[in-house]
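Next, two complexes with chain A in common: one pairs it with chain B, the other with chain C.
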Partner chain A sequence: MNKKVLVVDDDPDVRSFVVTVLEENQYTPLVAHDGIEGLEMIEKSAPDLVILDVLMPRGSGIRLYRHLKTDDVLKNIPVIMFTGIALKSFLKSQKALDEFKGGEIPRPDIYLEKPVEPEELVRAIQKKIG
Partner chain B sequence: MSANKILIVDDEEIIVRLLSMSLKSDGYETVTAFNGEQGLEVFKAESPDIVVTDIKMPGMDGLELLKRIKEINIETEVIIVTGHGDIDSTITALQFGASDFINKPVRDEALAIALERAKAKIHIRERLEEYTKNLEIKIAEATREIRRKSNFQRLLIHSSNDAIVAFDQDWKIVVYNPAAASIFGEKPSDVRNKMTIQDLYTPDIASIFMAEAEKKAEPEDMPWKEMVLQTTDGRKIPVQYATNVLRENNEFMGIVNFFQDLTEIKRLEKELVQSERLAAVGQTVSGLAHYVKNILIGLKGGSYVVDVGMKKNNTEKLKTGWKTIKKNISRVSDLTQDLLTYSKEREPEFEPCSPNEIVEDVMDLVSDFAAANDIKILKQTDPGVGEMILDPQTIHRALLNLVNNAMDACMEDEDTSKTFEILIKTSMDTENFMCFEVRDNGCGMDEETQRRLFNPMFSTKGGKGTGLGLLVTKKLVEEHKGTIETKTHLGQGTSFVVRLPYQKAGAVDIKEDES
Partner chain C sequence: MEIKKLLFVTKFEDLCYDALNSLLSLRKAALDHVVFLNVIEREKVSMKRGSGYLKEEEVKLKETANIRFIDWAENLFELGMEVGAYIEVSDLIPEILKVIEIEKPDLIVIGRSHKRKLEQLYSRSDITELTRRVRIPILVFKHLGEDKVVPEELFKRPLFATSWSTSSEQAVSSLKEMGKVIGELHLMHVVNEKDLKHPNSHEVQKVRKNERKRLENLCDEFEAVGISARPHVYVGDPEKEILKAAKEYQATMIILGVSERSAILERWMGSIARNIADKSIYPCLLFPVVS
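And now, the complex of A and B:
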């Protein structure tokens, strides 16, 4: 059976691109429009991998990422951050949040800065879930 | 003290000596003569203050001496010594100007009293002289001071950078300084005391100031106001002016106007706004780069989806990818237009149009996107807003920007239980103004966001906004001489109200009729 990959992004252009890449490479795409819907989908559909945007209205990727990584069950789901935000800025925000909330959240498994060639995205997915 | 030298004239030597001794012991200086001729000689040589002379003397007598002395110096005090009962000559002597007389034999007390009186008279006369002299000096000084002050004031008015024009109670121009001449263009010599208020000001402006005179305003109540002054030769000059009504004892004396030419200031203001705007575009560059990157992401993603669609002959994919590409092409074109609009000055292009129809056009443009995001777009257009002369492009761009923002505000809202609605309203405002409102029930804005709303490069939308939308909207509205206002409550929604001045359509353009 094809592996399920959830793409959480508010930009329909990005969603249709990622969905197409997934279909072309024999993954089953799932989509969510924002962080809140993303969490619902994760709990409901248990995807094998999450491709997560950072800046979204209604429950940002940062919030969803922290939620996943602090949940005993969900923390094992691999996450690819897929965003226009530079890695440096993202790590800075993580560090600030770590200090503010206590504890240390692990870095994302893979961090891809948009725009990304389809092959690069496929390689990243394959690296995590084959 | 003065008046200390006394000439004693008598043909009896002994009397002269006795008097002289007596007076010297009283502290006077004395000179003596023993007949009239000698008396006159001594008088000329010694210039005594007081003369005591016997009236009856051989040769030149006392009366003759008195006359001659008075001819030389009318102010000399002459005391006549008369024989007992010689009333006639005493009267004559007094008529000739003798100041006093004493009878023979001369008693010390009588002489002392007469001398004191003479001295007092001299003293008073001297004081009077001194006083008169001082008075003349003081008048000269005061005159000089007044002249100086009036010159000072004249120069002050003359050299003032503000134009000063003053009218007397009959509205004749009495003050008109060079700064006024440079605004109004009339020569001071042609204006001062020759023109009236109606000759210098256009009728509408003259009436403003004449009405000012009717008011019982306090003198200190003189706020600066701005207006565009039209000169008699047709030039239009932006000025700042103040008016003061001049009254004396509550009686109207005239008014004075102060003008400051704002031409240069207005020009600088315009330049400043322009350069600030260009700087804002510069500041926005980093935000823009982000935005452009997002467009690129869309284009790349879209073209991949199109490639896949072609390869697999999948129409659905082709459609999706093509839609993405088209959408991003229009984002590029919107951005270019926003940048051009924002960085260039633009005059509104007025033409007859129907704001309600523009509302329809904008609703058509956004309907797909709104439906895809569960946002209802409603309209409430006032049928009274018919065809009018406005710049349709301003309305279209402003409305589209505001509706796009409203949709973003709905999508940002974390409260997904809401039914999101955007209401576009048109209405007639006060005279000559029409008004449209875009109201959403989305996330609203906090104070910080409100404060920075019209700042360049401020965007709440991350890379998804340019930070130019509201700036462009505001600029367009202001170039149209309109206003934009916002009301917002965090979590409850936002409303933008734009008011634009319009002219009635059908205020026929004559040129078009003729052609």
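And now, the complex of A and C:
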């Protein structure tokens, strides 16, 4: 059975690009438009991998990532961050939230800054879930 | 009412990161979430004879906005804040209302209206339209002076002009939540000249004394929550007097409750709050009528 990959991104062009890449490589794509819908889909569909944007309406990827990594059930789902936000800013935000909320959140498995070539995305996915 | 989430509506013309930066003192109160909204006017990408819908123009405008928002969001994320963004081809007011419905912000920040006078007369200014249709405070952001200087501390010396209306009461309860943010609050009430028309000066002095007392009581309420406040009674045309007081006390912003007037009356005469928000050089925080 094909592995399920959830794409959480508010940009229709990006969703379309990632879905095409996934389908062409025998993965089953799932789609969410923002952080809140993303969390609902993760809880409902238990994807094998999440490809997550950061700057989105209704709940950013920063909060969703944090939620995933602090949830005992969901924390083992691998996450590829796929965003225009610089890694440095992402890490600083997590550090600020660590200080404010306590705890330390692990770095994302893979952090890709948009845009990427299809091959790079496929390599990243294969590295995490084969 | 705490301000935890603000909706920042920008066309990038007069409302940029420096304006947002001047609002970050609200973090000391409760602010931890900023939602950006850029509305691309339909006519910029609409069907044109010979070229159809300007898809490439839409992509260009959206990506231009996206690049700005990413840059701003990085700064806010680094502070540990939550950030969201919407970039839509739409009409301004309907889109703002749509995003308010989804995001439920506590404050809207918007630049001054760019409609021309004639347009405003027939279709109202964006600010007027917004104050009639939302129930949350609206900060109409202005640059103080032509050199486009943003007041670094917007809440350092706000002037709150109360009309003792329900929307002014709403302003009072919100301001009380901003004890850590507000520097010195100047409280004023403008007495109508006709209330001073009396053959006996004693009666006239009584009006002033009563209003002063009322303001002092309100100051005490603010002092009780840690906000230093000073009362001022003015007499005359409210619009002119409020601007006079703002100048005299070097206010960093004007805070007003919006009065309820019939739509027709307002179209021709305007309301004090909306006129000041549309025309003055001061940033204005407007509290809409509570239904």
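The rule is short, and it goes like this: the second predicted complex is superposed on the first by the 130 of 130 C-alpha atoms of A that agree within 3 Å, B and C clash if a C-alpha of one lies under 4 Å from a C-alpha of the other, contacts with A are read in each partner's own complex, and residues count from 1 in each chain.
By definition in this document, contacts are C-beta pairs under 8 Å (C-beta built on N, C-alpha and C of every residue); 3 or more make two chains touch, one makes a residue touch a chain.
Just so you know, these numbers come straight off a predicted model, no measurement behind them.
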Partners on chain A (chain B, chain C) - clash or fit: clash
First, second, both or neither for A:P57, with chain B first and chain C second: both
Touching partner for A:G84 - first (chain B), second (chain C), both, neither: both
Which superposed partner A:P106 touches (first chain B, second chain C, both, neither): neither
Doubly contacted residues of chain A, that is, touched by chain B and again by chain C: 55, 57-59, 84-85
Residues of chain A touching chain B in the complex: 10-14, 16-18, 20-21, 24, 36, 55, 57-59, 84-85, 114-115, 118
In the complex with chain C, residue positions of chain A that touch it: 34, 54-60, 62-63, 84-86, 89-90, 92-93, 96-97, 99-100
Chain C residues touching chain A - in the complex, by the definition given at the top: 35, 66-67, 69-70, 73-75, 77-80, 82-86, 99, 102-103
Residues of chain B defined as touching chain A within the complex: 290, 293-294, 296-298, 300-302, 304-305, 308, 317, 320-321, 324, 327-328, 372, 408, 411-414, 416, 462-464
